[in-house]
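Below is one structure, written out as structure tokens; the observations come after it.
Labels run A, B, C and D following the written order; every chain starts at residue 1.
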Amino acid sequence: MESYSKELLKTFYYKMVKIRRFEETVERYFLDGEIPGFVHLYIGEEAIATGVCASLTDKDYIASTHRGHGHTIAKGADLNKVMAEIFGKRTGFCKGKGGSMHIADFSVGMLGANGVVGGGFNLATGAALAIKKQKRDNVSVAFFGDGSSNRGTFHEALNMASVWKLPVIYVCENNQWASTTPYRTTTSVEDISLRAVGYSMASKIVDGNDVFEVYEGFKEALEYVKKGDGPFFLEAKTYRIKGHFVGDPEMYRTKEEVQEIFSNTDPIKKFTEKVLAEKLMTQTELDEIKDKVEKEIKEALDFALNSEYPDPSEIYEDLYV
Amino acid sequence: MRQITFSQATLEAMAEEMRKDENIFVMGEDIARQGGIFGQFKGLPAEFGFDKVMDTPISETAIIGACIGAALAGMRPVADMHYADFMGVAMDELFNQMAKIRYMFGGQTTVPMVVRAPDGMSSCAAAQHSQSIESWFMNIPGVIVVTPSNAADAKGLLKSALRDDNPVIYFENKILYKEKGEVPEGEYLVPIGKANVAREGTDITIISYSIAMKKAFETADILEKQGIHAEVIDLRTLVPYDKEAILQSVKKTHRLAIIHEAVKQGGVGSEIAAFVAENALEYLDAPIMRFGAPFTPVPFSPPLEKAYRLDSEKIAKEIQAKF
Amino acid sequence: MRQITFSQATLEAMAEEMRKDENIFVMGEDIARQGGIFGQFKGLPAEFGFDKVMDTPISETAIIGACIGAALAGMRPVADMHYADFMGVAMDELFNQMAKIRYMFGGQTTVPMVVRAPDGMSSCAAAQHSQSIESWFMNIPGVIVVTPSNAADAKGLLKSALRDDNPVIYFENKILYKEKGEVPEGEYLVPIGKANVAREGTDITIISYSIAMKKAFETADILEKQGIHAEVIDLRTLVPYDKEAILQSVKKTHRLAIIHEAVKQGGVGSEIAAFVAENALEYLDAPIMRFGAPFTPVPFSPPLEKAYRLDSEKIAKEIQAKF
Amino acid sequence: MESYSKELLKTFYYKMVKIRRFEETVERYFLDGEIPGFVHLYIGEEAIATGVCASLTDKDYIASTHRGHGHTIAKGADLNKVMAEIFGKRTGFCKGKGGSMHIADFSVGMLGANGVVGGGFNLATGAALAIKKQKRDNVSVAFFGDGSSNRGTFHEALNMASVWKLPVIYVCENNQWASTTPYRTTTSVEDISLRAVGYSMASKIVDGNDVFEVYEGFKEALEYVKKGDGPFFLEAKTYRIKGHFVGDPEMYRTKEEVQEIFSNTDPIKKFTEKVLAEKLMTQTELDEIKDKVEKEIKEALDFALNSEYPDPSEIYEDLYV
């Protein structure tokens, strides 16, 4: 553990808490009726985006999912603009045209959330193809859920990436649920990463609730991929703590069941206990970060709330170049 | 008559037909455990079991493809598409297999199946969860397309669809699910291919279907106040569409407007307008008018989405300007 | 001027643009080793290498999806669809991703790519290898659709497409590949969105595009002999289509016929007819006429396929009957 | 080897020779310009359809591919009607509406060739679902090529079949080529059956040029599947002897290369040598079968040639019920 710089540890905590607090804020404002549309929260899965994006630069790409706030924030997108977009404001990343399901920040290589489950596999693969053609030393990452691994796009993307030895890492966020369906009732394999075998692809399973494990696993993937030996499949086991979307009545499981699991899997709790026990960080350091996050969230919220909605005439903008 | 919601009407149609025909079953994502994302399958597993109401993987090509295969092997499958927006995922199965199998195999077989596709804008669901893509299927020979606009039709058309030996795409509007209406109990069939003259009038024919029928009625109400008596026709079925009903009405009113929520360009209104311009041009006293969505994806933000929607005041004003 | 085939014209466009812009590359099934199933990529790998001309797995969703991803990352990909019939496999990628990305992300990015889709009937290729599905894309905001009808346009429109920052679907007719025509060497661009008045006339406007332009000319020839001077307009681009050119011509000739190989119902002709019925009805002296394929899949057997095709004699006769 | 009844041995030979001679006849008439459209020949792969269909009844289903003549004949379709359809005659199975790429005989459970590569996976899976719902003791078979295993439909079908434990057998005809492309340049795994692992599916590889091996392998699959334990993946290794379609210039390989391979893989030669060497059949028995086939082919050809084309008005028939 000593090999982690203080800076990196701080980043881990900062990003995870930032995502958590962001999502809690979004949840509250959604329930209050101030956020339109659907929102899918990333709570409980913060270690994955955080552990992965810690090794990426703005020149690396990620393709995200419907559950994309965490990826966006971890990739370094401006919080104000994320929040404003989710509120449907003109100052958001998509000028209010996209919302939660279509949040994106191309300036940091975040190629977009996707309302189509499994829509991101091929996009990430194509971005990796571009990287290879441009002879750049970057990578592309596709985040995806367990449920999406049953879409045909998964198969076509992974095969193509393997055949062409593309610098892409497929990060499976196996949170055990696809909407109301426990993944094993519709997914024919226990470890989704086993499917990598069918593409002669390297793979690894990590505890997706442990930011250190995710970080290490992803670093291994990154090194592998950068050698030019082809893509890598990283499966992060986690658990979807919240309903599928905010407002989900969750008839398919009990609150107790979820709380019980969360008490063992909460990545922030896990991290905090570890760094304190191993004296890698102090409570004061943690608190300072928390305060910073609180300020940023408040600022983002103020920004979003005080921003204007787009003007109806803007419908016609941004379609064609 | 008792009032039930559009959603309940579809449930009633399913249950009644499933009781009669053991070959009917339904599959889709989150329809069994959850009862469908719009509650349109709630309670069905309790009566018919998880064998007849099946939660599938997120695999739209397999959902449609397997329904076709099961239909070929003697079943009457129903596929739930979750959102009509995801039909693109299974488009090859829909247009190259489902629609063509009977014809290209020379009538050897039938493909009796129903594809249920919840469509339209709900509330800020944005570009990939708000679409109305029915017009594509007007250009695809081999499928029947129905688009109920109210609870009674929802039941009657679904029952007809479930008994039809052709593949039927049943577009059910997401906002309509919660709308109540009088729905006959038991045996109630709305015939496929017949339009409904929902309101008689003499001065202009307004043609619509599905959710946009609301706008058609609103528009007719506004016009009525201005002394313009609009005839409102609910197409009910888009493929085949009721050419006779359209011609008859236009020959009476000498004017035509078509209203739908889908994108105007290349929408159903294009086909209807073209058909009338071909077959009844000489009866027309004014330009044909089409009303539909602007030529952009559906935007997310509330004021944008609002502006994107049909506005009956505006429609009525434009119509009136041509009188 | 030298004469080259439509296929050579597309090759020339590709080669010229690829020499200028190193971001262009093309991928598809059997295009590199074989040169494309219609020879339309022959010789390209020799000049540009297998890195720029890539044989793909049989994975249409990955072909389109990866092209989108590569476009987002700075490239200008070209996807070959093998047959337009297979666009259904990648329909979600085409309409929910490619077409919407720029808009739903608020203009943050562009998706500069070209989808090349060989379409139309060849010789008894039957229901799944003969289709013309361009009209669907008229209803899908966010894509440009071009449909060259001759070798020169094939070059000029493809060059324009390759420079366009919007996603462009380039429908290239399979029969046209072998047709020769005069094609300017070097820099020759046909602007997107502009129709071509291919023949001037005064008595009727005949609108067409792609392979059906042949039928349009044939029809005009027959009519000419009967003293009817037809104006023939080649749309060239379907999205956006040249509204002005259409209106101008119809206002001059007072009559309109639209001819395309695709299924008539819900075809491009519907949109054009509807547009004119909306905007120039008062200029029309006769019903608008649409000519397209019957409402069935394309049959296999030679006499059936023949009967399925457009027949200029019949078209001319029907047009003449309205004079 | 003694366990094979004379009847079964005769069937093997009869079916394989029938397919071979049928294809040679089609090839000739296609090159003479009398058969319209495209044709894809099954020459060299006869052992697969023959070995598989030997264990099937008319109540079992098969979904076929663009290369479907062999499957159709092996499944027991009337040869006259197959030939007539390929010639585009009204007396064909599809009344001339389908042709080679859409040949089908629903009366024997042959659910159709398919012009869309990978279009059959889900159809076969759905037929198996019907069988299960109807509690019948039948199975469904999807024939598919190596190239088609890269389509998303492969993935979605196999996952669904495994999750629902459907009585379906996926028979991969790995003939090393997908059109002009050697399969390993676009397929990320040597043995396509390895992909079964990703669906927790049982699998087996057989020599697809040896009808005995195919037969045994398929029987194993059948027994497995009929136990209700779920689907089975059978990979038959073979080689595409002819061009992708009749008329293919085959610029991508040499005639010599192919002949060399064929001399070792020809399933009919293999069969003949074996049964003669092991004295399981006599040359006279083989010759009798050959003569019978010759007669049937001639009859089918006469039937096709003497049949009428459909009337143009028939375009409008058979679309809707």
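By our rule, a residue touches a chain if its C-beta (ideal position, glycine included) is under 8 Å from a C-beta of that chain, and two chains touch if they have at least 3 such contacts.
Quantities reported herein were computed from a predicted structural model and do not represent experimental measurements.
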item: Chains contacting each of chain A and chain B, listed by label; value: C, D
item: Inter-centroid spacing, chain C versus chain B (mean Cα positions, whole Å); value: 30
item: Chain A-chain C separation of Cα centroids, rounded to whole Å; value: 40
item: Inter-chain centre distance, chain C versus chain D - centres from mean C-alpha coordinates, in Å; value: 37
item: Residues of chain D touching at least two other chains; value: 94, 96-98, 102, 114-116, 150-153, 156, 159-160, 163, 185-187, 319
item: Chain B, residues touching no fewer than two other chains; value: 56-57, 59-61, 85-86, 89, 92-93, 96, 103-104, 126-128, 141-142, 294-297, 299-300
item: Chain-level touch network, classified as line, ring, star, complete or other; value: complete
item: Residues of chain B that touch chain D when the two form their complex; value: 25, 51, 54, 56-57, 59-62, 64-75, 77, 92-93, 96-97, 101-110, 141-142, 144, 164-166
item: Residue numbers on chain B that touch chain C, as the complex places them; value: 85-89, 91-96, 99-100, 103-104, 126-128, 133, 135-142, 262-263, 265-267, 269-279, 281-282, 284, 286-290, 294-297, 299-300
item: Interface residues, chain D side, partner chain B - complex; value: 61, 63, 92-98, 102, 104-107, 111-112, 114-116, 119, 121-131, 133-134, 140, 152-153, 156-157, 159-160, 163-164, 317-321
item: Contacting residues of chain D [partner chain C, same complex]; value: 36-38, 88-90, 94, 96-99, 101-102, 114-118, 147-148, 150-152, 178-181, 185-187, 251-252, 309-316, 319
item: Chain A-facing residues of chain D, complex; value: 150-156, 158-160, 162-163, 185-190, 194-195, 197-201
